[in-house]
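We just call them A, B, C and D in the order they show up, numbering each chain from 1.
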Amino acid sequence: MSQTTLAELNACTRTEFIAALGNIFEYSPWIAEQAASARPFVGIGALFETMKTAVERAPAELRLALIKAHPDLADKTQRAAGLTAESDAEQNSAGLDRLSDAEYDAFERVNNAYRSKFGFPYIVSVRRQTKDSILRDFERRLPNDVNTEMQTSVGEICRIAALRLDQLVGADDRLQVHGRLSTHVLDTHSGKPAAGIAIELIELSALGAARVVTRAITNADGRTDQPLIGGRPVPIGRYELIFNVGKYFAERQVQLSDPPFLDQIPLRFAVSEPEGHLHVPLLVTPWSYATYRGS
Amino acid sequence: MSQTTLAELNACTRTEFIAALGNIFEYSPWIAEQAASARPFVGIGALFETMKTAVERAPAELRLALIKAHPDLADKTQRAAGLTAESDAEQNSAGLDRLSDAEYDAFERVNNAYRSKFGFPYIVSVRRQTKDSILRDFERRLPNDVNTEMQTSVGEICRIAALRLDQLVGADDRLQVHGRLSTHVLDTHSGKPAAGIAIELIELSALGAARVVTRAITNADGRTDQPLIGGRPVPIGRYELIFNVGKYFAERQVQLSDPPFLDQIPLRFAVSEPEGHLHVPLLVTPWSYATYRGS
Amino acid sequence: MSQTTLAELNACTRTEFIAALGNIFEYSPWIAEQAASARPFVGIGALFETMKTAVERAPAELRLALIKAHPDLADKTQRAAGLTAESDAEQNSAGLDRLSDAEYDAFERVNNAYRSKFGFPYIVSVRRQTKDSILRDFERRLPNDVNTEMQTSVGEICRIAALRLDQLVGADDRLQVHGRLSTHVLDTHSGKPAAGIAIELIELSALGAARVVTRAITNADGRTDQPLIGGRPVPIGRYELIFNVGKYFAERQVQLSDPPFLDQIPLRFAVSEPEGHLHVPLLVTPWSYATYRGS
Amino acid sequence: MSQTTLAELNACTRTEFIAALGNIFEYSPWIAEQAASARPFVGIGALFETMKTAVERAPAELRLALIKAHPDLADKTQRAAGLTAESDAEQNSAGLDRLSDAEYDAFERVNNAYRSKFGFPYIVSVRRQTKDSILRDFERRLPNDVNTEMQTSVGEICRIAALRLDQLVGADDRLQVHGRLSTHVLDTHSGKPAAGIAIELIELSALGAARVVTRAITNADGRTDQPLIGGRPVPIGRYELIFNVGKYFAERQVQLSDPPFLDQIPLRFAVSEPEGHLHVPLLVTPWSYATYRGS
């Protein structure tokens, strides 16, 4: 799925347009078909709104068919039979392709319970979630009635679509689908940004193993060259940031206890707004530290 | 081994005295015998110094015999054959009776490497240590020469003896063998001590599982009714204190994100001075926290 | 007015009792007279409650006379004519004997405005106040009706009486009339309590000059040997604690900028509960600091 | 003195060039004359280096004449007789036109002591200084020998020249003569940037009154729209930043004590690097705050 531009989409044939955007909504090219007639679009925002409106104004049966076109999450049989490339990548992004046994069981229970109550699959935009938050989201949604869940499902489908569109189409404007997670280490022992601190970002999991999301080293400004997470949603979930400060201070000949009072410092926090900017800094001496939710 | 008093020890027969203190130094009643003649003692400090001096002034062969009288650490065969009650309790205090396979292997290597180099067992006062710190201590001591290690061993044996004496004998004065680990939670959101926070103290282990040392709930003053560790040495090692702040703030109707930005806060730190007073407080709001080494 | 004991008061003649306690309530020995008949008292608390109840159950005219028996605050003419020793000491404690011209004018306005509205003097327990808080208290009370102010005045008179009683009479129990203001300096650069830090406590004033309340040097535990304020109420008001940290770090050969980023650190805060325990610590490195309301 | 561009200076006549830059070095057009012959300049940096080199390579007598061409600081007689526009603006920037009597006396002593020891005026780039730091700088320089002071004076003259050049000439490159002082208020009670906080930056003075440098209100990001000081050197000296947090929290219906524990928070700090970026943030709840030197 190579990227295209809005200008190309405005200029191409109707057939090419539908071919390009046919799977923005899973197995539902009729939405792209309707949008093809509304060209040209001034921006990707306008394009997305047109597609979203098509979904919202569609007859209920069509919306239900759209919902039912989605696969179950983490379903081994369906994955073996083959998902769309988009669904496959999305599920992999949340680690649904490498679950522990306990997690597989949990997802199977979730899918079955949901499907047997509502008659359609449990849908959530997994790029905005972690395994834990998906299961937590399910717990909250299962008690709902069917109308609420149809609406919620359509909302999640539109979030999935917005992210697919954002990946596929280049334009001057941007959909508001990206968040950012960043950090900053300030060495308040020397009064300077702490350079050269090794950092690990770990996604915590209630049922499975913790997973390293990314590793980085702080630069001369005490920051990481790239955000820890950027250019995509920051998945809702629980995390630990681990800062290797013991090595940092030892290398600077700072007098430490043995073993050092502080060595690897974990900051454990949750992400609740995938499209927000979350800054989790560390102010640190060999004997104290502080953190806060910054922006 | 019931407790006795210094007054009783000063007043009892020589035989009773030796019976009571014969195993303060492992399998070496000759030290108690020498001390018996030096009675009466003005305090437990004086008694201990007398016994220690006896060891230091003993002929080298006797000191070596004293060293060799000690068991290996975490040795299954010796434990099966039976340790002294004191050694057994000491090894259990550091968790040497419930090691992971990797830890057993590590201890076996340590014992063998040490014994084959020096010809006597590797001795350390395990009540002042965790499994990790024992292995770390070994790494540091193995390169030493035999004289250094004889001195080090005698030093550790005296530490063991001081702790045994402290447990056995009541007196007006105290040996300086106890440390203290305490905490304090200040809720800087409401400006008050945080009452009702569930706390867990966990001993971390490089080779085995983490181990819960104690659990407590903060009282109205934001402190725990008892020190987290008190009335004994605080074992050298790495720890995590986990504070359940999410529940605390949720119960106080404070507006939180979902999931809460902070829920279980781990403070990871090391203890380096078993006889010191270490205070690890938490200053916390739903969006920030700080800690420092206090006293 | 030398101190006496509750036992002596329980045992002495009625005349001696009234002579001793006649001015606990300003110029109103009838309250002591009533209390004399209720002897013996099990504690100073019981004695005070008896006197307070006598006031509360007295006819309105007598309570009004009690109110009118009090002097104006900071009134030069009355002071020249002579106050009771108690009133004089109380007013001096709040600095009412050394006001700036602007403050004298403010107090004169307050006294006149209050007296002309209510027909009796403006009364407040000045040992619990600063000049600023007295003027602020007045602003809040002036809009009240006369009944409210009679009640408020009696409440303040009882606070005055409790403090006089506490100073005069020794007993096993204590009236809850004392507060405490303390501090603690933790050097998070070295991970130790900061010893030898010069501290000044200053009372701020809106209309006059700031006033040094006390000076102290931190001891080996980073605390002051005595509370900054103790054994008396902590007057409601605004304060600055100034910590001389530049000199402290310079003497420890810590590398500093020139001039040092932090030298004299002022912590500005208000006291609102004179009988409370207020702890205002400083956590400090040469490049950062933090404080919080502790307890 | 209107601004010109480097392109214009490269293209204009020699006479125009000298007219434009004749007073970059006080009363010393010979430096501009030498630079005129070295045109064209690729940047303002190259232009400045050329002028600086001209000074450094000039015969000692000429350098001495350059030094002597400078006025005394804060000298009433010279100011009455008229300074160059540049000198006048520079001295005013440091407040030398509105000194207290004690300050005038101090500057007079400084000028006289310096001139009588060295035979030339005491020169310092006052745009990089406050009144206090000028007097402090003098104390440090007075013990020097004459050669050191000639060098120091030339160094200061070049700093003066660089700032004059930066103000006068627009170019693609910039001389590194500007610093920045910024702040940021994070409300860790609500976990958000604190918007609408009134801030005052005050320059402290040992001999005269404190002086408000600037006032600002924090924006939605908790920052000020403009740096507190920017586009110029941040003068060496002692400052207080005062944050009006009492009003901020009261307006947000946060439960406070009466009077509020924290109302106006002063952060007192020193600037030591006029060309550096100094960030002094405030992390604050109604009951706690922290600051640190950021970057």
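Keep this in mind: a contact is a pair of C-beta atoms (placed from the backbone, for glycine too) under 8 Å apart; a residue touches a chain by one contact, two chains touch by 3 or more.
What you see is a predicted model, and the numbers here were worked out from it, not measured in a lab.
Novice: Using only Cα atoms, superpose chain C on chain D and state the rotation angle in degrees, rounded to the nearest 5.
Specialist: 180
Novice: Can you spot which of A-B, A-C or C-D is a repeat of the B-D interface, where more than half the contact pairs line up?
Specialist: Of the listed options, the interface copy of B-D is A-C.
Novice: Could you work out how far the Cα centre of chain A sits from that of chain D, in whole Å?
Specialist: It comes to 48 Å between the two C-alpha centres.
Novice: Calculate how many whole Å lie between the centre of chain A and the centre of chain C, each centre taken as the average of the chain's C-alpha atoms.
Specialist: For chain A versus chain C, the centre distance works out to 59 Å.
Novice: Please list all residues of chain D that touch 2 or more other chains.
Specialist: 188, 191, 257, 261, 283, 287-288, 290, 292-293
Novice: If each chain is a node and each touching pair an edge, is that a line, ring, star, complete or other?
Specialist: complete
Novice: Which residues of chain A touch chain B once you look at their complex with the stated criterion?
Specialist: The contact residues of chain A facing chain B are 133, 136, 236-238, 257-266, 268-270, 272-273, 287-293.
Novice: Of all residues in chain B, which touch chain D in the complex?
Specialist: By the definition above, chain B touches chain D via 188-191, 255, 257, 261, 283, 285-288, 290.
Novice: Can you list the chain A residues touching chain D in their complex?
Specialist: My answer: residues 186, 188, 191-193, 221-222, 283, 290, 292-295.
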